[in-house]
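Chain naming follows the written order as A, B and C, and within any one chain the residues start at number 1.
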Amino acid sequence: MGLRSSTLRARAVIVNRMPLAAASPLISAASVTAPSAPMLEAQGVTRVYGRRKALDGVSLSLPAGSCLALFGPNGAGKTTLLRILAGLLRPTRGTVLLAGSPTRGDAAARAQVGLLSHQSMLYDALTVRENIVFTARLYGVRDPLAATDASLERLGMLERAEQPVRALSRGLQQRVSIARAIVHGPRVLLLDEPYTGLDEAGAGALTSLLSELRAQGATLVLVTHNLAEGLALATQAAVMRAGRLVRQDDREAIDGASYAEEYREMVTNAG
Amino acid sequence: MPADAVVRARPGLLRAALLIAAKDLAIELRTRSAILSALAFTLLAVVIFFFAWDATAVASIDLAPGVLWVIFTFSGLLALNRSFALEQNDRALDALLASPVDRESIFLGKALGNLVFVCLIQACAIPAVALFYNLPLTGVWPALLALTVAAAVGLVSVGTLFSAMATNTRMAELLLPMLALPFFVPVVMPAAQVTARLLAGRPMDEAWPWLRILLAFDLVFLVACTLAFPYTLED
Amino acid sequence: MPPLRDEPRPIFDWLFAVAVLAVAATYVRAIYFTPLEAAQGPAQKILYVHATAAFVGLYLCFGLVAVASLLYLWLKDEKLDRAAAAAAEVGVVFTTVVLCTGPLWGKPIWGAWWTWDARLTLTLFLWFVGVGYIILRGAVEEPQMRARFSAVLGILAALLVPFIHLSVYLFRTLHPMPILLKPSAPSMPGEMQLTFFMAFVAFTLLFAAFLRARYRLAVRADLLAAREEGLL
């Protein structure tokens, strides 16, 4: 992927010379080349805690540039699935494949994934910039400072870069967490309730960021309770209940109003 | 598609450990809460220990090694308590685990940060003990510093591992000393014995059997704790 | 993970009854039918309890903890975790016996309740680690995390033993070297040897009975926890 790396290398230069908004995208268009193999795939993923099955045979297949909206009530196993896809947990049974190769405990595979979780995953004593630069260095991003500025700019947080995280409101911390999740240009982005705490401007910025990343070939998994938010970006939608995927549709096949009605029924019948 | 199309230079084991240690020290530098309380504790303890013994009955040169190393373990515990607490706060540990860094690297990074912290405190404790107990440090202090590093490696290996475990329990601050102190015995005893011989100006081959225990402990527990650390994490 | 079987609670624990009878028989023989040791007098008789409890507590129990812990991290079988937990608790009981009988013997023979002798100190520290192990188990709720944490502690404790032994040995030592386990011919009259042998057998039976009872208790506790979660 020579094209890709040259884009990344070029970015640092552009960042220095041009207004940041014009800097080249975090994910280059070059990665949308192999539509044959799915980018992210789960095969019969099961996770058992003690005697409790948090996930029960979940299978997914997402091509590059797709976005899966994952709905489900609390305790359905959405977060566990996300943590397994992110390589934080191992599946008890089943496999997760990234660009066709199994990811089990593989650091190289984790490098291609970005994760936004419930918690901010930030160090609140450090500044916004220190947090993101630290992450960029952990992922081995070539120019950590430039990549940090670029991703903070995307979230409109550049002017707060020197503030300590603990001085920020919940919504602004969420923006920093998002910047943290995309700073290394992940090809798979896993988002757990990304809109939590964001104001309208933040939510708007996030939506346009995500659709842009998707257009550039990133694969997104978006966990949410909010159907409207999820369906706005999705190419696929799925519903989880009690550790299983109980429904999976292509976005085109979904009619918003009736889907919402059916979803409500599905969730209330969960028992 | 090779993974390094996205990320070119994933940090190796040591580089990632250095990044994590530097991050921990930056946090410490920013908050200064732990280092200041550890220093205050050290000075207080030096003074209190002096009055706990009858200085006319026990020569202070006989007291000093024990005092020095007992304080070392307890101020070390202060540092270790906060080591993984700051990773747990906003689950920043999850971010480390999701990053392309090996778990062993995370352990070594945390341990290295603690090592610097503990050595800094001891670097203040040694002159304080020397001052209050009227010890002749000239000529001895390079050996004492080397001994501090050797003792700190063992203390920090075990302590970092137990800190990772204790922060996941219901009684973190209480549990850590209970688990760690028995493991500090083969660190404190040799360190105190070697210090006593150093201060008394005895020949070094008298201290060698003790140093051997300390160095073997460092080696065994650094390796064992690094290997055991991944098992303390959910996976 | 295999389903838990709810075994019917045994009405009578045969193993325990046999063990208690064996211990009682050993006492009777030790007190009435074994000659007095010339130098130590009646105080020596406590060694039939002390040394055997040390053998069971230090070697059998803590040895089992270390082995089961290591195997647990490898195989992740909850049976091994239960075995380690049971062995640790039984081990703390036996080392408590060692630590109580030691001073009773030490006062008339050494002239002091306690001495910082190598073996005594090692036993004391293992007792601390054992107590720490039990407290650690009580402080973690999630069963798999509890199992992993205690397995790590069990293995590290095994690594700690030689270091504590070496350092306290270097500090100073007074303890009579174990006479029975020396490779050369034991320097003890045959009657005493037989009593010691009986004591070992009796205490090993008692160990097995305790361990089995504690293991069954762990199974029932897990069962209860699973029921409370509504999983069974």
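Convention: contacts are C-beta pairs under 8 Å (C-beta built on N, C-alpha and C of every residue); 3 or more make two chains touch, one makes a residue touch a chain.
Just so you know, these numbers come straight off a predicted model, no measurement behind them.
K.L.:
Of the chains shown, whose Cα centre falls closest to the middle of all protein Cα atoms?
P.N.:
B
K.L.:
Which chain pair shows the largest tally of C-beta contacts?
P.N.:
A-B
K.L.:
Cα centroid separation between chain A and chain C, in whole Å?
P.N.:
Centres of chain A and chain C (C-alpha means) sit 52 Å apart.
K.L.:
Can you compute the centre-to-centre distance for chain B and chain C, using the mean CA position of each chain? Integer Å is fine.
P.N.:
Whole-Å distance between the two chain centres: 32.
K.L.:
Distance from the CA centroid of chain A to that of chain B, rounded to the nearest Å?
P.N.:
38
K.L.:
Can you list every residue of chain B that touches 2 or more other chains, as numbers and ranges?
P.N.:
Residues 234.
K.L.:
For chain C, which residues are shared contacts with two or more other chains?
P.N.:
144
K.L.:
Residues of chain A that contact two or more other chains, please.
P.N.:
none
K.L.:
Considering the complex alone, what residue numbers of chain C touch chain B?
P.N.:
Going by the criterion above, the answer is residues 73, 125, 128-129, 131-132, 135-136, 139-141, 144-145, 148-149, 151-153, 155-156, 159-160, 163-164, 166-168, 170-171.
K.L.:
Under the stated contact criterion, what part of chain C meets chain A in this complex?
P.N.:
1, 4, 142-144, 226, 229, 231-232
K.L.:
Of all residues in chain B, which touch chain A in the complex?
P.N.:
1-11, 16, 19, 23, 26-27, 30-31, 86, 89-92, 94-102, 234-235
K.L.:
Using the touch rule from the top, collect the residues of chain B that touch chain C in their complex.
P.N.:
It is residues 158, 161, 165, 168-171, 175, 178-179, 181-183, 185-186, 189-190, 193, 209-210, 213, 216-217, 220-221, 224-225, 228, 231-232, 234 of chain B that touch chain C.
K.L.:
Can you tell me which positions in chain A touch chain B when the two form their complex?
P.N.:
Residues in contact with chain B: 1, 4-5, 8, 31, 34, 86-90, 99, 105, 107-113, 115, 117-126, 130, 134-135, 137-142, 164, 180, 184-187.
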